[in-house]
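Here it is, the structure, as structure tokens.
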Amino acid sequence: MEDEALFSVISKCFAPLGETDWNELTERTLWTDFIDSACGASQDERALGPEVRCDGGGGEGRLTLFRKHRRVTEIETLCVPPTYAERRTFFARHFTGGLPESALPIESLYTEWSDAPGSCFGRQRGLYLGDSATYMRELVERMGLRVPDGYSACPDHLALELDLVAVMLRNGIRTEAHRFIAERFRWLPDYRVRLIGIQDDARFYIALIDLLICIQVREDRRMRTKTVAERNVSACQREETSCQRRQ
Amino acid sequence: MARYGMLINTKKCIGCYTCLVACHRQNNLLPTENFIRFEERETGTYPNVGVENIPLQCMHCEDAPCAAVCPTGATYIGPGGVVAVEEGRCIGCKYCMAACPYQVRVVNESTGTVDKCRFCTVTATDGTKTCSCVEACLTGARTFGDLDDPESDVSKAIVELNAKPIAGDLTKAKIFYVR
Amino acid sequence: MTFVPVWGGIIACYLFLAGLGGGAFITASLVKRMHPEATGVVRVGRVIAPIVVIVGLCLLMVDARGGLYNPLRFVFLLTNPGSVMTWGVVILAVFVLAALIVLLMDLIGKNEAPAWLVWVGNVFGILTAAYTGVLLGVVNTFPLWNNALLPVLFIVSALSTGMAAVMLGGLITCPEQVKGMVDLTKVHLVLPAIEIVLFFFLLFIVAHVSTAGAASVAAMVSGGYALAFWVGIMAVGLVIPLVIEIRALRSGDNRGLAIAGDVGVLIGGYLVRYIIIVAALPVVLL
Amino acid sequence: MSEKAITRRSFLAGSAGVATLVAGGFVGFGSWKQAKAAEKTEQPVLATAHSMCNACSSKCGFTAYTIDGKLRKLIGDAENPMCKGKLCARGYGYSQIAYSKDRLTDPLRKNERGEFEAVSWDQAYSEIAEKVASIIGSDGPQAIAAVQDPRPSGKYYTTRFVNALGSANVYTHAAACDLSRASGFLQTIGASTYSSDIVNSKMTMFIGRNYADAIRPSSVAQLQQAHESGARIVIVDPRCNNTIAFADEWVPINPGTDLALILSMAHVLVAKGLYDQEYVKANGVGFDDWAAKLVSYTPTWAERITGISAGIIERLALEFAEAAPAASIEQGWRAAIGSAYRNSGETARAVCLFNTLLGCWNQKGGALFTSTVNSGALDEGRFPKVPKPAVPLLGLDDYPLANPATGSVLQAAKLAKDGAIKGMFFYQSNMAAGYANPAYLAEALGSLDLMVVIDVQMSETAMLADYVLPDTSYLERTEIPEFIDGMVPAVALRDQVIDKVLPNTRPVDQIYGELAEACGVGEYFPFTVEELADAQLRTVGLSLESLREVGTSFFADKAYAYGAVPIWNTPTGKIQFTSDACVKAGLTATPEWLAPSVMPGSDDFRLIGGKQPIHSHTQTTNIEDLMQITKDYDLTRVWMNADRAAQMGISDGDTVQISSSVHSGTVRVKVTERLNPTALWIPSHYGCSSPEQHTAYGVGLRQMDFVPFHIEPAYGSAMTEEVIVTVKKVGA
């Protein structure tokens, strides 16, 4: 599965979808393909270009092992997507606003409303239509696209952010896509905390978020240390092999 | 050059917090970032009691202890005698907060820097006619203006009402109170 | 609105470590002069001095979040020569530099550090200790801080904690060298005694000059901080070490007790800063 | 690589399928922000709209400024008679609700497990309609009822919808607000309220009314003006509230005894012949009966009850006589004469009669019946008339004096519990937390077959509902015009300020119209809210367009003039010193002393409530900016008189346990000289029990929890302060 398809699938996991569409998405071959691709993205870390992970010296072997173990459980969780009925219940209880169990995947709700002078609510959190929403709307429009009607309160809905990545990748503007991933998905750790806090079993969604966080962290580092990154490729590969040996 | 100051008539203050919330809105503040602090004083004994609500905020002192102790020069006395904070220099050591005798400086929890009343009208670019607290005050307890201009509302009111800084000559404060 | 202390544990720790560093360096110089053979103890002091001050400075930077998030802003620290904190930065910088060079020369062992450099270290060590007191002392919002006794108390406490730290290090790494230092034990004995006297005067005077001062003192001796004050500072930090030292003078060394006494001095020293920072109440100007 | 069509489908491209995009359009977040900031400082594109606040029921008019469609600033409209150019803290703070994460985003239905789940509008409508049909089928339309806290559109559409279903049962929050006042006034002067001409008065007495803590900016301004021009302002209140800033005297009365004070002042006037005898004779009926009763209400008698010395009572009466007719007792609102005590309704009657003794009706500086303008009749073709329901408003049999315009919503709750009312709709009403004992109300509303709540966030009432329908916030909709009484009557408009923030929310007019459609009575809603607003305005010579321009418009030709003799709209056409209806309802013909139903002893307290200037009941406590003030200043504390506290060994800031017969809770104490020793004062806003309101949840105590469920005889009010509590220091 191509990267763009990977993002497209995750996007659809967070968006309202009809039963037929959901069944089509989670149909066996496509989903297996998605899982493979997800494994790739989280494990061999080559999904989005050259690997740059470097967890420091010394003890990283164990750390990597631990991470790998965690990722294995993540992948296992992802292997069994929720049924349409399960998903509908989850959306009705958690991706609906104003409820004690609300956990809407909308960036504005987890970031500062605005730090620009001349905004009404300043740096408060937990408000719709913050700077990230305005940015998303304008970006989407500048690129010649349109925010769908259902998302007017939340152009910075995770599903749209992911969808935009998929669209960018599909259209071959990869550098921008990578930058977008690095910049936009910084709110996901806070969102992950919210998902952990809900009463229902949110493991499927948490696993997707973990996958995205993993990709974001890598892209962020890559953006910041582009040149260093290239130098480190070989070193990291060495670490990878030594790790495999220990296993 | 103007020398800006304010008069606060506590006899008119009903302690309604309107100035505080208006200030939040005007200056993009966090809910915890209060440029105005209220003190309430009760006098007398039941049933002969008096109540005084005293809003405090940066007094824009001429002898500003905050500016004196600021190690990075982030706090300075700017045009019009307005004590200002240059956020880009502030390291958030909070020495100014300790030095301020009026406890009217606050930490912006989001940036870690210290901030306070800016006499917002002086720097406002959005057509604001006077400080948002003055504009919002329901009872006209606040008057803002140029202390050097004897004809300004604030100068005339200070004379007429015999208003004094809250702590006398302590820091040559430029907010005058009617008590 | 109730008053919330401007600073807390982190800054208390910074003041404590800065004083301790100064005190440790001076202790090392003292030991070198009086017991040149006790090189282990001297080295302990010279190792401790720069390290704790550097740690203290790091704590300061952690507390100053505006700078922590934008480290380049620390460059501006030298731009206001009128600020005690600016002097502090200079003093601490010179001290750390001197102490580091002395330590390096000591470690390399080829040449003794020149006497003038050691004296620079000693002088700036005292200044470092004094600075921590003056930093608070010039703030006239808080009567508990704004008096001439506080810097003196902080200097004595700095010497006391510095000495305790060096002795503690000595007792752990080279106990046999520490054994013979009866004269130093006497100094070590005098400091807590002076501190108790200074503390008494400080509280007595502060309690009498203003209501805010009285309230601050009340908070320390009978209010929310009473336990920390009486048990932490007075008992653990001053009286017990004093008793231990007296006992040591009379009936000889006991390593375990000496270690306990030194640890007590350190705990007490930290609490002195902490409580003086958090118990101080501002003058009410209304 | 198995590429399926689905993975190539994009939300962003719309329906067409794969998107192609302009690569050059990409810009990083940082540069975007910089460009944005530059654009704003260079040329901020401000859009403005006039609208009305919804933070309390005053509905102040303001101009809203928006940048990029987002709210920037609110400025009170100088023209608006409610705000006179100023908004209060709540007005600024509450504007945040539009963007709050706690807003309801989708219609909700409670599932079998008692949890809310999102459903589609159509599903919600059809299920509600099915239940409505089944209730009407089995119990008739009178088993349907609605409750609303009056707002322009809400009031109109709720009433129209319920009437269209064939039911007359539309209630307001009045039973927990001003029901006794309105009902008592109706019995004496035939009007549900009046306005004291404070600015021009020589003396005005406020009984339990508190302009400075329950703010309407124009009222604060009037009071200030009166005070500054030398009017004598007297505050009768167990608590020395913040209005004292503009008052001359605080009369620290024992709560629940205001009736005794008024009767005794009347005694002084009548005994000394210092009342306007001609006026009384010309306008009143039954005065002699009242005068006969007044004989025994001497100031010495009243001193024992009210705690106010006889000398002060006599002096106040004489001052009134001196100032008359430029003097009055202000009309009050909630509390003492509104709904607090067993004698609230009778106190309201006595207030009107006392004002009559002063001869102050429609006199400059007295008590006025100011001018009103209302919408005229509309074209019945476009706005079809709803037939009058066959069965009148339920509850009036049991509480015959209750103002029929609002009814007693508490009796409605009782009827719901008894099964006479089976389906209830709520609009902008947090009945379950604010009107009476929440445990009782939860049980009563829990026995409904159908409960539908329309609101913007999950209130305690919404928590009990079977269906919750998400409303737009007040900034996101246009409503029908609000006609405002006054010296110069006016009309103001709530207009849409920002686009709908949440796409799946709907404005109240649309919700009721669609509900009506689903229930088969859609023929009564063939118009949009704009059409209705415009038609109403055209009956008074305006249009929606013209009112949009100015926000507030005045009817100068209808301005009030002093001196007109009012038409007393009572059964006798006179001011009724005696009322047959009251006798029929089991009360005395003239207002006599009626003790409150409970009285505190020397070891306990009467729990009384009141407002703080930053909150409107429970409605604003979920606003972070406002709640932060509560936290910063520890505003959830209960107030206790300093002497009582000293006796009990309680100091300022101590935590105490408060217990009534039905509830118990712990809270910190503010020890103060500003409170009558028999009272314990609690702010009435806190104790939110809805976890969906993340900011408000669990902060402070809820006054209503302590109040047992009971209803004021004859009048139907909540008697919110008929409760005795004991106080115990925690840890003592």
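Per-chain residue numbering starts at 1, and chain names A, B, C and D are given in the order in which the chains are listed.
In the analysis below, contacts are C-beta pairs under 8 Å (C-beta built on N, C-alpha and C of every residue); 3 or more make two chains touch, one makes a residue touch a chain.
Owing to the predicted nature of the structure, the values given are computational and were not obtained by experimental measurement.
The chains touching subunit A as well as subunit B are D.
Distance between Cα centroids is largest for the pairing of subunit B with A. In terms of C-beta pairs in contact, A-D outnumbers the other of A-D and B-D.
Centre to centre, using the average C-alpha position, subunit A and subunit C are separated by 50 Å. Averaging Cα coordinates per chain places subunit A and subunit D 47 Å apart. Spacing of subunit B relative to subunit C, judged by their CA centroids, is 38 angstrom. Within subunit D, residues 41, 44, 73, 624-625, 632-633 each touch two or more of the remaining chains. For subunit A, residues touching at least two other chains, in rising order: 116-121, 124.
Shown for subunit B are the residues in touch with two or more other chains, namely 24-25, 31, 38, 126. Considering their complex, residues 37-39, 41, 54, 65, 68-74, 87-95, 97-103, 107, 111-114, 166-167, 170 of subunit B touch subunit C.
On subunit D, the positions that touch subunit B within their shared complex are 41, 44, 46, 73-75, 86-89, 92-93, 212-213, 215, 217, 220-221, 224, 240, 242-246, 250, 252, 613-614, 624-629, 632-633, 641-643, 672-675, 677. For subunit A in complex with subunit D, the residues that touch the partner chain are 1-2, 4-5, 8-9, 11-12, 15, 21, 24-25, 27, 29-30, 33, 89, 91-93, 96-102, 104, 109, 113, 116-121, 124, 126-129, 131-132, 134-135, 138-140, 142-153, 159-160, 163-164, 166-168, 170-173, 176, 179-180, 183-184.
For subunit A in complex with subunit B, the residues that touch the partner chain are 112, 114-124. Subunit B contributes residues 11-18, 20-22, 24-26, 31-32, 34, 38, 42, 44-47, 49-51, 53, 125-126, 135-140 to its touches with subunit D in the complex.
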